[in-house]
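Shared chain: subunit A. Partners: subunit B in the first complex, subunit C in the second.
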Partner chain A sequence: MTTELVMPSGGDTPPPAAAATPAAGGLPPSESVARQTWQSFRRNPLGLVSAGVLILLGLVALAAPLIADYPSGYGEEVLAGPGAGHWFGTDDLGRDVFAQVIWGTRVSIVVGLAASLLAIVIGVLVGVAAAYFRPADLVLGVIVDVSLSLPVLPLMILVAALAGPSVPTLVVVIAVFSWPEVARVVRSQGLAVVPMPYVSAAHVIGGSHLWIIRKHVLPGVAPVVAVSVVLTTSRAVLSEAGLSFLGLGDPNSWSWGTILHQAQRSGSLATAWWTTLFPSLAILLLVVATTLLAVAYNDARNPRTR
Partner chain B sequence: MRTFRRALAVAAGALSIGLAATACSPGNPDSQAGGGSGSADRITIGTTADVLNYNPLVGNSRTDTWVTNLMYPRMMSMGMDGVRSPYLASKWEYTDGGRKAKFTLRDDFTWSDGEKVTADDVAFTIDAVAKEKIGVVAGLISSYQKSTVISPTEIEFQLSQPDGTFLENVGFWMPVVPEHVFSKVGSVQKFANDKDWVSAGPYKLTTVERGQRYVLERMENFPLIEGGPKTKEVVFRVFPDVNTEALALRNGDVDLIANALPPPLAKTLEGDSKLKLVKVPSLGWAHMQYNTAREPLDKLEVRQALAAAVDYEAIRRVALQGKAVSSNSSVLTPTLKQWQDPSAKEYAHDPAKAKSLLTGAGFKDGNGDGLFDGLSLRMIYDQADPNISKWAQLVRDSSKAAGIEIKLEGLERNTYVEKYTARDYDIYAGSWAIMENPPANLALAFKCKGFINYANACDPELDALIDQARGQLDQAGQKGPIQQAARMITDKVYDNVLYVEEFTIAHSAEWSNFLVQPSELLSIVNPVSVAQATKG
Partner chain C sequence: MPAGARFVTRRLLRGVLTMWFAVTVTFFLLRLLPGDPALAVADPTMTDELRAELLRDYGLDRPLAVQYWEYLTQLLHGNLGVSFRQNQPVLDILLERLPWTLLLAGSALVVTVALGIPLGVVAATRAKGTLDRLIQVGGITGQSLFIPSIGVFLLYVFGVVFGILPIGGAMDDDVYGLAAYGSIALHLILPCLSLVLVQLGSYVLTLRSTLIDALGEDYCTLARAKGLPNRKVVWRHALRNALLPTTTLVGLQLGFLVGGAVLTESIYAYPGVGRAIFEAVGQLDFPVLQGAFLMLAFAVIVANLLTDLAYGLLDPRVRTS
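Right after this comes the complex of A and B.
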């Protein structure tokens, strides 16, 4: 465990002895760890390229209206292959696949981030509660274990089908089935933080549970949360694509999964490869980039792999 | 190294989403026996769903119908124009001013266990349907009172009132089941009929491998084909979707695709010399119905505005790739030539008129976003239907241009059924498979509290016209009031008929001699067609 995770940095009623505790470990101050992490991270080309790709996808999502017109209505060139007029070809209603992929970036990323955020909030709350309040660990542990053993995809399909297709539905459905993994990772990290001497010291000097969790435990699990955000986002994007591909996406908006679903439904899957290749590549790009970024960050943070 | 392995795994996972659908195809259990389609002893038919119900009186999915049609005879068959032709019945007539109806049956139909098919089977079937109110047939025989078996080949029905639709409804819609089997099961409606099948059609189901295939064996003594059915065995193979079906047909793994091909796919198969495409007219229509029980759709101007906001020509030309014809916004479609109304005229696509109608109805665009305030409508449809899912998007986009917001709800099949059964929608988008008998069909679809009255229409004047038609015993007498009713349905926008589809069915060029019948349910998968088809 590294020092920056346990250093109280001000806030309400800091116990006077708390700041002195971590120095006993003799580890470098937090700025130094952050700098070392960054220096290690930037030496990893995979991490940098991945971060660049994600930034690029973010920019595409933000600037979609400037890049392509919203795909609507119909076009006269039905299922035209990629060419100068339509870089990624057209679909079975003559609409531009390039525009669909660009606008799909927006929904895919929004669903991915929102679902991931929701899953992280639930997962962190449960994970920290399980690690900190020992009596609750058994109950919460069972809940997490049961949740992890559920057949996720069929349940997602069932809930999405019953709730009806919409972006908020997708976000909630994906988040509801993604938090247990976050909770398990956060709990295991929390279990390493809670017995630390500085946490005990915080108890001794009269710190409230909430204050200790906020000032000591949460910063302690923050690194795994950061990695979880990235990985959960990529999984959420995949889940969104999967559900949309199965026809459970929002028909009023474009996402990469929706493009694949429409290609499959129209019967053009086997004959118009461009309707599936480009959205698939977009999914691939995002998922690989997020995974590599998470791995690179983790490696950069860990003194053993730095 | 671990990083790269993980990245590779993720890449493979992500790509699989796009590639799974193109690559996946079920194993071919027929491949050992003469290459599946190769043997003249077997015809392999592709379908995209399992049989849900083997009871022909209850099952109503496409695959249910295709399979059970080969096993259970009906009294009548149907020509390309919807006109009935003999099948189990050789003759039918009304007597006593339409209060009695009579069928004369052929005497050469036999059940697969050796029992003769007689009028007792027909009497048992109709009594079970009427008593237990089974399926759509029960709704079509509301005038039925009782039946009398005159002889093994003659049966007479007593009707509560003259009903000129009765014989055709019973004749075409009611499969006849064996009394000596179905009478022993208690409730006919609850009988699964999932083993030890007794058949009197050209084939009998013998083997079921759910998710894989359904094997039917020839009934040598089927009387409608001289010498019995030409092909020894019929195999229905289940595929995940029509894409994989098409690949299997191209590879020679199946001989025929029972499902109508989506227009873009049909277009790509047109140039394949190994295949033959058959055009099959629809007996139904694709349409939108506006829920008149809800505000603001109870206002005629709003429904007229919605009708004016649809680009009908674009739907047929782009979404259907030209494989559909206009019905001139009439429920009397061009397929049923004997009923068609030459004066019918399609709603014009006129966004300006739509806006003006809505303005007249009191709607305003207060916030200047191009959409009328308080006019956001939910349109439900089955997301698995390839055509409706396409044109629903066109309807949404063209309506937006007229200032109307339509929110699409493409639903999973079960949710969709639940919602339309509860009439929980503003706009219903769907299609009828078979609406071949207007006096009977319009009663179900437009009379107050009709079984399939999805517009929730309740118009006494319309009901009177439909009743007037049903009281006539011949088509000539029914035509006048039915055409008036159809005009009223168009004028009051109780139904917005978009098009009549021309289905494309694909089969291997090695096979010929199919008998084409209208609708996707009959097409070339009807019993006589499958029984008389030959290879080579």
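Right after this comes the complex of A and C.
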């Protein structure tokens, strides 16, 4: 699913012949849904720009060591404003904020993606099970509803504080409290798919539950899962930033939330605006891009808005 | 049993079930996590005998089921334990803080709904227009904001650069009577605004799409056909039906709102439960963290119940379904 969303630069570019057909009046019926979606998606500038921004952030995360030195130790220029030497200025210990944001991209994205993938796996399993096995729905549905109505952040804080701050802790804690949202959307889509005639037909020809789920139910819920991957990742990045901001980030690495935490702790939060502005912009950029990408994908997939 | 009583009973049971779930999850998370609770109270260099004594004092050497039962009874008696650092019952510490959080979250919710409904109506009635696009983009951007970021931004602009609003706390120390209320209101503006900016988007976007659907329904066409002015069709006929999903959203968003309040209070040194959490994280004061979660969960559950019941009064379909 991820590949499908971040595909724009991927190898699935339609051959010239296919690109020429729309001019002849509409797509031929044999055209696959994925290709129609892509055809429509690439006409949407907002979606393309968002995908570009996310690819750029991903590259920054991968290439962090090439872009900036790891921010450690102390510098001589304390709380210097943005300038030629330090593009984003320096913090209260003279460390380069630009380098912090670059390296922070890495941790923020890694935690966001890992937590989101874990949450997706649990959420899809629970959501599909609830939609497919009606008796299970009684219990699973209630668990999902109940956990969605609880304040999650205070619970994450409690668990993260007990388990001790580290990157794996953050990933697991965020995932464990994010899957109910995924399960909710997968379940409601699954409830629409399971009563379909083709699922009944699969029962009639004697398909096993596992086979039916894999071949018929999962493809039916795949589009909402795709959107869910994107949205859950951005929410996970926000959760990570929140926990790190409160001082529960990994003390041995930089994330966007950690930068804000350090700024708050040192009291430079409100006076040295550059220590907060740049990590904040990074968070905003990532979350807006993921949200717009999800919207664009939804529009491209929906025949009525295509 | 009449439908109304059944509705109330069902919602009450649901609230109790949710609270039980929150309590149970907390209990087992705390016991099953690798961290040793005794390590948290004293320094790691203590002797084994001392550790065993501590575990016994806290009742941590007894079977899990006994501990669980004990935990439930203590909670029902309002005992949330004693703070590690302040040597004071957690309940007392938190009850002192709770009114501020309720004030902050409550006012944020009221302002959000009061702004969200007209904005949603404007967007839906001018769908695809420039104003609609602006509202949509604004809503998506607002939802994407990180609360500490927006908090610091507002604090910097209004508190530091213009200096017209206080930069932290909930009220000035030396004011009494009417002036005290004024001071409280002034201190509330920025924290409340931070929460509203983040919350508003989801309400506006949800209301917009449900209202667009409602306006396409037959009863709206009929209302127009019989010559009702458009304003009445929207506000009297379509909006009433479009508000149901929005009310459901309140339930889903309350937990998120409370989480936002924790971050907001941390930024503005606002003396609520969230600020207590922020301080407890720094001091590793686990009883306070646990008590704060349970108290916030309880507040959210009660608020949810009240929303449900209020909506049941307004919309007969909710009562009978």
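Everything below uses one rule, namely that the second predicted complex is superposed on the first by the 275 of 306 C-alpha atoms of A that agree within 3 Å, B and C clash if a C-alpha of one lies under 4 Å from a C-alpha of the other, contacts with A are read in each partner's own complex, and residues count from 1 in each chain.
Basically, a contact is a pair of C-beta atoms (placed from the backbone, for glycine too) under 8 Å apart; a residue touches a chain by one contact, two chains touch by 3 or more.
None of these values were measured; they are calculated from a predicted model.
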Which of subunit B and subunit C A:266 touches, first, second, both or neither: first
Partner chain in contact with A:154 - subunit B first, subunit C second, else both or neither: second
Contacts of A:94 with subunit B and subunit C, given as first, second, both or neither: first
Touching partner for A:190 - first (subunit B), second (subunit C), both, neither: neither
First (subunit B), second (subunit C), both or neither touched by A:78: first
First (subunit B), second (subunit C), both or neither touched by A:284: both
Touching partner for A:142 - first (subunit B), second (subunit C), both, neither: second
Which of subunit B and subunit C A:207 touches, first, second, both or neither: neither
Where subunit A meets both subunit C and subunit B, residue numbers: 161-162, 164, 234, 238, 241-242, 245, 247-248, 260, 264, 269-271, 276, 279-280, 283-284, 287-288, 291-292, 295
Of all residues in subunit A, those that touch subunit B in their complex: 46, 72-76, 78-79, 92-94, 161-162, 164-165, 234, 238, 241-242, 245, 247-248, 251-252, 257, 260, 262, 264-272, 276-277, 279-280, 283-284, 287-288, 291-292, 295-296, 299
Subunit A contact footprint on subunit B (complex, rising order): 3, 6-7, 10-11, 13-15, 17-19, 21-22, 241-243, 246-247, 261-262, 264-265, 268, 314, 318-319, 321, 383-384, 386, 389-390, 392-394, 396-398, 400, 407-412, 414-415
Parts of subunit C lying in touch with subunit A, wherever the complex brings them together: 17-18, 21-22, 25-26, 29-30, 33-35, 40, 140-141, 143-149, 152-153, 155-156, 159-160, 167, 251-252, 254-256, 258-260, 262-263, 266-267, 277-278, 280-282, 284, 286, 289-290, 292-293, 296-297, 300-301, 304
In the complex with subunit C, residue positions of subunit A that touch it: 142-143, 146-155, 157-159, 161-164, 234, 238, 241-242, 245-248, 260, 264, 269-271, 273, 276, 279-280, 283-284, 287-288, 291-292, 295
